[in-house]
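Which chain is which? They are A, B, C and D, in the order written, and residues in each are numbered from 1.
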Amino acid sequence: MTSGALLGFTLLAPLAGAAAIALLRARPNARETASLVASGTLFVIVLQVYLAVSGGNRPELALAEPIPGISITLEAEPLGVLFALVASFLWIVTTMYSIGYMRGHRESNQTRFYLFFAFAIASAMGVAFAGNLFTLFVFYELLSLTTFPLVTHAGTAKARRAGRVYLGILLTTSIGLLLLAIAWTYAITGTLDFREGGILEGRAAGAVVPVLLGLYVFGIGKAAVMPLHRWLPAAMVAPTPVSALLHAVAVVKAGVFAVLKVTVYVFGIDFLAEAGASAWLTWVAAATIILGSLVALTKDNLKARLAYSTVSQLSYVVLGAMLASSLGVGGGGMHIVTHAFGKITLFFCAGAIYVVAHKTEVSQMRGLGRTMPVTMTAFLIGALSVVGVPPLAGSISKWYLLGATLDAGQIGLAAVLVVSTLLNVAYLLPIPILAFFSKAEGETADRGPQGGTAISEAPVWCLIALSIAALGCIALFFWADRVYQLLQPIAAAAGG
Amino acid sequence: MRDDFIVRVGARIVTPFIVTFALYVHFHGDFGPGGGFQAGVILAAAFALLALVYGLEAVQRVLPPWFVRGCAALGVLIFAGVGVVTMLLGHSYLGYNALAHDPKHGQHYGILLVELGVLVTVFGVMTTIFYLFAGRAGRGE
Amino acid sequence: MSAHLPVLQVLVPLLAAPVCALLRSARAAAALAVLASWTTLAVALALLGEVKSAGVVSYAIGGWVPPIGIEYRVDMVNAWVLVIVGTIASVVSPYMVVSVSSEVERRRIPLFYAAYLLCLTGLLGIAVTGDVFNVFVFLEISSLSAYALIAMGTRRRALTAAFRYLVMGSVGATFIVIGIGLLYVMTGSLNMADLAVLLPEVWDSRTVKVAYGFLGVGFCLKLALFPLHLWLPNAYAYAPSAVTAFMASTATKVAVYMLLRFFLTIFGAPFSFGTMALDRLLLPLALVAIVSMSMVAVLQVDVKRLLAYSSVAQIGYVVLGLSLASVTGLTATLLHLFNHALMKGALFMAMGCVVYRIGSVHIDAMAGLGRRMPWTMAAFVVGGLSLVGVPLTVGFVSKWYLILGAIERGWWPVAVVVLLASLLALVYVWRVVETAYMRPYEGDGRAVEAPPGLLLPTWVLAAASIYFGVFAKSTVATAEQAARVLMSGVGS
Amino acid sequence: MITVVGIVLFTLLGATALALVRVRNLFAVVMLAGVYSLLSAGLFTVMDAVDVAFTEAAVGAGISTVLFLGALALVGHREAQPSHRPILPLAVVAVTGATLVYGTMDLPGFGDPANPVHHHVADHYLEESSREIGIPNVVTSVLASYRGYDTMGETTVVFAAAVGVMLLLAGRRRKPAPEPDEAPAAAADR
């Protein structure tokens, strides 16, 4: 099999999975098996792509040429492979989790859920392997559209409103700003291809560059840079596996990934650094980091708190990209991975708590550590990883990013990172502490016979999934080298 | 009006002249002003006059609505059909030269035929519309 | 027979129309109408092929050499328009067979098909001819039959809508014929190619400029450019479903063609864009049309009316492309003629399916239809996304060229307006989508999936608006060639 | 002499047009319309366009008056009082008229033998018609042969009119469907 065809299969595998899901809609067990098989297959395929790319290849596959000169082309490069690896691996984990969650919670429309989940993954693969801006845009939009039925899964008035905000912001930014930026780029350069070192160098200068970069950064609404972050908290009405998809597997990651990709392959790190065009955006990112954390502190609802935490964490990646150095881009790329594992752990736990104990607020979680020890241990691991405590994955990417700010001589930005870490501690750690070290209010009184200290854990599928995610946080710490090696070619190309 | 003697007799006398005039206008179109269009209108006017005087039913017994309707469609078919024939004879559409050995004769035949088509359609359409209005008025009151 | 292609293009429906009127059987008339429509498309495609290989195709009717007689003259531009009309006709006509049987009285149906075929004849005749007076004659054929077709709507307001269209349409036609008359007085010719040669000598005269003005107003009335669009929303909202789908996808498109042909070929692009400042006149109107009509569409509760207002806005896009006065802009215009025909056709046909089942397209009546009529509503979603301009749909392709054209001229605000209007389109499309998919079904059990006779044609257009969004190479190439033909006078 | 006749006819024409606009009795309107057509026919004759005059007399003054009367029998004789003053239409008409007048100022003089209309294709018609077609009335040869296709189109226009009227009037008594505002309510009732 040629490596180009491999890329085609990254799209086909989830689509075939979707077809199987639709066909097997009457038999839930078979349907979920199809989901699992598809996700497993996809991961294997992406691994093959990884092997090809780490061997120095750049597989390429042209799919169509809708408009003369503008094609839909897939091409694997390190950043994309990294994103695809994360997304495809977490799809497996999330599917496991979904089985437990959706059944435990007796959700309706489960077929639709699995179906659109598979579509969303296919779109994410397209984003990951996009060979040019147009392809990126196409799959980016498809991702927005295919996740819409997932966000509004409940079908209630609240869900509909959330869906409107979700789609409203994502499509407004992408059509209003991103498309404009793409058309502008095309008008300037006559191409939309991603090239190492960028395509704009020598063709754009002066004020055009920072404006164009701003259009991209804000146009990619999925990166949730303030003030365009509102869709992310709004989408919290969705079932937890969807939150996992949004926050860890695909959606926001597609956003920050796109920002990285545009920085590296459209502008070029060196060109950006020379033009100094991204300086103002580093401060936008810094503001988002701090404000997101501060808002998270004020939220009692667990999922809302996690959502704002995501807003804040995403801007780490944006900041990395805007620093326009190989260290920054590498750190940003790493952070996509580490944050994905950390955040998915946290969401899985939040969902498990909701399914089992029907608790959504942080203040209700006293004593949960005793009834749900596995879940809360995983939560602790996830939280520590997000905070950045070694030996957990989060510490590595944060370290790189901190190094990048210092390297750039930006003491202010380094301070932002430090402050943000402290804020992370402040809003995340109280939750496991409450759960483990304080007694539940009116313990056993209204919980009936199964209350008290009797263990009442999440469904087993959920437990497996969240344990894998938590272990991933640890394992990644030790495999960080591998990840960085994969990103090495970018750094090398940037002369860093 | 049906009871008015003078009108009845007058109409009876005038109608043949109107019809003849219509035919004159049609066939004399090659030499003087006129042609199928005017002839069709005049012919329709003749029958409208009769209908006003003798009543719609009387006229419709002679010229049933389905017939005038058919005329409306038929005229178009005659006109367009002439074109089809010239096309089948290997000339271009409405190339009357094809209709006879002498182009001039061909033109002559062609013009006569298409003018006939015009006459038939115009007569059919005008009479149909008149029937429709007059017929509804009778029913409404 | 291939030498006669241009005239066959018009002749087939023209002969079929009186035959339909003579028939008594609704079924036979339907079969004839469908057959004629399909033949039309076949001829149009053959013509396009011939134009692509051999260049301009000219046909002298009656054997009289132009400008003595009437000439049919087909180049890339009208070959393209003919294909658009033919495509829509051949998709809508089988749809018509099913939908009309529920909307029009049985014994009236043969006449209905006759009117439809006459309308088709008129539109094709306008597009194929190379003679300005002949344009007017066929304009009258298409207009008269269109008024009657619209009046056939099941609601009483269809009559007033048709009457209003008749009044405004007649004013438009009168303006056009005055313009043509003045041109004839100044040149002594009615042949388009001939006029294009003769007119530059009298460019400076007031008469020619006045003729230009009259023609412009007439065309804008016919193509429903804001603020001359007042006839359109009701006409589209109250006409029978199939008529709306047909008219919305063809009539205004042909009117745009007339405008392009007269102003760019006959008067010539240099005169239009230079002396008459056509681009600067049309630009503000187009922008206002796009924005204001999209906003009005957002407020509508009758979905057919909503789509009708959206059509007025989309005409704004078409005219905007023209007012960019460049090959890119005109490519966008010509592309959008085709693309908008596809998507609006699909949308109106989907609404026809809804009318067929529940008799209303009030937005509240559509609650829960996403589940009750999944294929119908899926087609609506596809058409709607295309209207918004989501990539991989045809809507994106034309918008892309529009934006590129605007950027090429450095008109940033224009590009921004185009994008903003896309978002407005998103709002009005999404209102319907959300109602259909997110609200529970409240009606009686009448809302079941539409019959295949309606669904299949609807999906042909819906699928086409995806297909030509993914594989737009051929359409773009054709449109661009046609745009070059129109702009040939300016040397670019 | 011709000038005087022309002026008289035009004056009458203008007066008739004004009366047409002012009069509210539709019966009178129809009659005035007939008069208007007759006067125009007269004017066409003065301008040597006999064929046009003939058609105008037959159609405008003749059959259409009859058809108008037929329509009047259906709708009654009095025009409804307009609800508001037609300021905008009046302005539009005034502007249109002014534009037309402006446009005619560069028009070649009436009857000038040097006019383009008399030369370009008209020369061919006048000189070659008898050879190519062989009938004395050039108007007919133009209408039926040189531009016969237009005539066919016009015949089709007339036919289209009949189709339209038949569709609208042929014995229809259809039940009016519910208006859009009532539709959902009606659906909910059932």
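Assume a residue touches a chain if its C-beta (ideal position, glycine included) is under 8 Å from a C-beta of that chain, and two chains touch if they have at least 3 such contacts.
Bear in mind the structure is a predicted one, so any value in this text is a computation, not a measurement.
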Interface with more contacting C-beta pairs, comparing A-C to C-D: C-D
Remotest chain, chain C as reference, centres from CA atoms: A
Centroid spacing, where centroids are CA-atom means, of chain A and chain C in whole angstrom: 45
Chain centre separation (chain C, chain D; CA means) in Å: 28
Separation of mean Cα positions, chain D and chain B [Å, integer]: 20
Centre-of-Cα separation between chain B and chain A, whole angstrom: 80
Residues of chain D touching at least two other chains: 145, 148-149, 154, 156, 159, 161, 166, 170
Of all residues in chain A, the ones touching two or more other chains: none
Set of chain B residues in contact with two or more other chains: 69, 72-73, 76, 80, 83, 93-94, 96
Pairs of chains in contact (touch as defined earlier), listed by label: A-C, B-C, B-D, C-D
Complex contact set, residues of chain D against chain B: 50-51, 53-55, 58-59, 62-63, 66-67, 70-71, 73-74, 132-137, 139-141, 143-145, 148-149, 151-152, 154-156, 158-159, 161-162, 165-166, 169-170
Contacting residues of chain B [partner chain D, same complex]: 25, 29-35, 37-38, 41-42, 44-45, 48, 52, 69, 72-73, 75-76, 79-80, 83, 93-94, 96, 103-104, 107-108, 110-111, 114-115, 117-118, 121-122, 124-126, 128-130, 132-134, 136-137, 140-141
Of all residues in chain B, those that touch chain C in their complex: 69-70, 72-74, 76-77, 80-81, 83-84, 87, 91-97
Contact set on chain D toward chain C in their complex: 99-100, 102-108, 115-122, 124-125, 145-150, 153-154, 156-157, 159-161, 163-164, 166-168, 170, 172, 174, 176-181, 183-184, 187-188, 190
Parts of chain C lying in touch with chain B, wherever the complex brings them together: 4, 7, 11, 14-15, 17-19, 21-22, 59-63, 114
